[in-house]
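Heads up, the next two complexes both have chain A, just with different partners, chain B and then chain C.
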Partner chain A sequence: MTTWYRRHPDLRLTALEGEGVVLQLGSRRYFTVNEVGVDILEALREPRTLDQLVSEIMHHYAVGEERAAKSVRNFLERCAGTALVLAEER
Partner chain B sequence: MTVDGGLLLLRTLERDCRTETAVLIDAWRRVPDRPMRLLVRRERSALWLERRARILGLEGALPGPFHRWLGSEVRAGTARNLLIESRAWEMAQWLHRLGVPFVFIKGSARGLLGDVYPGIDARVTTDVDILLRLPDARMFWDEMRKAGYEFAIDPAHLPSSHFHLMPLSTKDGVPVELHVSTAPGLAPEEAWRRATAGTTVLDSHGMRLSVPSATELLWLAIAHAEIDSAGGYDLKHFQDAAVLVGSRDVDWATIAKRLDDPEETRERARMESWLGAAASLAGCRLASLHRSANSPFDLSLALSWRFAVCRHAADHPRLVERLFDEGTRAAAGLPMARWVEGTACHGIAQRRIATLLARGMYATWRAARRDPEHRKAGGDL
Partner chain C sequence: MPERIAVRCSDPVVRGTLEQWLIEGRLQPPRPLTLDVRVEPLLPGDQPDPRPIFRQPDLTIRSGGADGRVTIVWDRCPAEADLLPGSRVAAVRLSPEAVRCLDDCLRQFMITTLIFLLRRVGWHHVHGGIAVDPLGRGWLLAGNSGMGKSTTVALLAARGWSVGTDDIAFLAGGSDPVAAYSFHSPIALRPGGEALLRRGSGRPLPDRGKVGYWPEDLGSRWCPRIEPQILIFPSVGEGRTEVSAVRPAQAVAELVRWSAWVTLEPTLAQDHLDLLTRLAAQARAYRIRLGPDLFQDPDLAARLIP
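Moving on, here comes the complex of A and B:
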């Protein structure tokens, strides 16, 4: 079984300078995310596995796997409590 | 001497800012925080200011508390715009399904045009504005009601002369205005013809959406400024016009013709002066339009007054509104504010006294600014 992540369909996102504003339409709550968060949420328009996300961040920011994996994991953990990202086992 | 926050805001927002960066930086470090926040919020210029500060390299110069406050205003405004855009997009999908032609106008158009006219989207949108043919607007309004949309305002508060149907509200409180015209006295057929002639077609999330040409958007801004009276002199209205005036897409012959036509413009001199102020904000001159001796509306004077009001009356919101309104009216040559119909006699008397006092305070402030001693001490910023 692999965990697939995708962003909540009620999420709207826009990039500002060095950060992004994310709106959860259902609750009308909004959040600020950093640049990496913006990239992860953009990528999650389509379902992605953790490995795929890490690979994309490594490629985009030219960082090592360990650092990219830490960033992605931290971001997904923070999103878990806000319903910005949905996880599904397949 | 205290920094003139109104002038500082204007100098920072001007597209061809001629004030030296060092002077701006020094002024931003010294300007009083609270009245500046009040002014920026009242003028709804937070998004624009943040962009201009970035362009001019002033971000680091803004005092920490003001910079953090501005950032939070920008995030909240951006989130609001995301909500409005999302609801506008749902309306567009619905209209596409029904096969009804429409164009987005006002804030909904500005939100789509950010890449075409940089800066036009840098303000908070409050509702969804759609222009439709009259029968389509009525049909779609009925569809919305059947789908559970509620009145967004008390029906008693919709002026009979207005040119949109009763605004309806989505489940999350976003007002949707279905317009049948774009100006008082403009026949719906002609409004539709203008709005659909030379439209800009944009792709948004895979949907083709139309917005009126730059000329029609500018005319819409002018027409709204005329009917909004003192409210038409809020900085946000000049911002919309300045972006368009600064573009090369406006057909000035059409604008001049309409300014000349008493059926289109009842107050040509005033609107020409208004347009001149928008042009100065855009950093350009409109020599071809200025056939009379009308000088541009003095935005620096208006904003200086408003900042002075924010400094001295910040704790009295109603007084701030009254002083903003009367000061603007005096500066623009508009008559004093009238009472609202249905107000009781004692209410009319109170309002009249408040209006006269506000005018008197503005006249006193204006006279003090003419004083050579004030000029000597004040300088520019």
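Moving on, here comes the complex of A and C:
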């Protein structure tokens, strides 16, 4: 079984000069996210695994796997707590 | 120019009052809209409404059902409006009790109905004041009640700036620069703000505990539209007036905060958010903590913003 992540359908995203603002329509809350967060949420328009996301961040920012994995995991954990990202086992 | 917001109502007094209110408001949306108003007793619904509730002072708003309808209920007297996605008609029902306090009904309930109706032609409300400085730059002051918008707009009007509104602004874009449109209504000042203005020509707004000034009463010209170049997020403080720049994404977040309806109606939310983003990209944004020195020297605002 692999965990697949995708954006919550209630999420709306905008980005400007390397930062983003996210609306969660269901909870009517909004958040600001950094550039990595914007990239992850953009990628999650389509379902992705953790490994795929880490690979994309490594490629985009030219950082090592450990650092990329830590950033992605931290971001996904925060998103799960605010219903921005859904996780599904397949 | 034909009226762009029509009123259909068989009650001539209600129709006349609504039409006069809309004429005074001077809004010219890009496509015709209609308020379809019936006056009738309103009974509580016999079916529970499972849609999530969004509360505002004296209002209960529901949205998110299968048909995407928005329902606005005035809590003070029975009154209800229904708006369907894509429809440019608001179906409004007013009880006889609501008709008996029609001024409050306009200010609390009908203006909210109008806000949702205007979303359907791409005009999105923001709690904001509108002004044009002596250099011709459009200023949008966004924030909630009590943050100094109205007093600042009134002081700037008294200094000869053109002003549009102290609170009811509508943003619109299309493919052009984002514009902000003013709803023409009196600038409503609390007693403290009125004392700072040092004018006695306002008209009492007793139900609100405020005094109202038309821009023209203050020696200003009314400004129906600006293309904002300066975004201001004010607050009131005790010390000297201070200005700090705001990053564009933070400006979007602030605009979201003062655009109460942005999270409602999923089909419109992304358009609304994109509009706020374009506005933040087009204008320079600042936080201003308004100190007593500004109220002694209203020109300070323009000097602090290069």
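One rule holds in what follows: the second predicted complex is superposed on the first by the 90 of 90 C-alpha atoms of A that agree within 3 Å, B and C clash if a C-alpha of one lies under 4 Å from a C-alpha of the other, contacts with A are read in each partner's own complex, and residues count from 1 in each chain.
One rule holds in what follows: a residue touches a chain if its C-beta (ideal position, glycine included) is under 8 Å from a C-beta of that chain, and two chains touch if they have at least 3 such contacts.
Here the structure is a predicted model, which is why all the values come from computation and not from measurement.
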item: Partner chain in contact with A:14 - chain B first, chain C second, else both or neither; value: both
item: Chain B versus chain C as contact partner of A:23, first or second or both or neither; value: both
item: Partner chain in contact with A:32 - chain B first, chain C second, else both or neither; value: both
item: Chain A residues touched by each partner, larger count belonging to chain B or chain C; value: C
item: Doubly contacted chain A residues - partners chain C and chain B; value: 12-14, 16-17, 21, 23, 25, 28, 30, 32
item: Touch list for chain A against partner chain C, complex; value: 10, 12-21, 23-26, 28, 30, 32
item: Residues of chain A touching chain B in the complex; value: 12-14, 16-17, 21, 23, 25, 28, 30, 32
item: Residue ranges of chain C touching chain A (in the complex, touch as defined); value: 52, 54, 247-250, 252-253, 256-257, 262-264, 266, 269-270, 273-274, 276-277, 280-281
item: List of chain B residues in touch with chain A within their complex; value: 54, 74-76, 78-79, 81-83, 85-86, 172
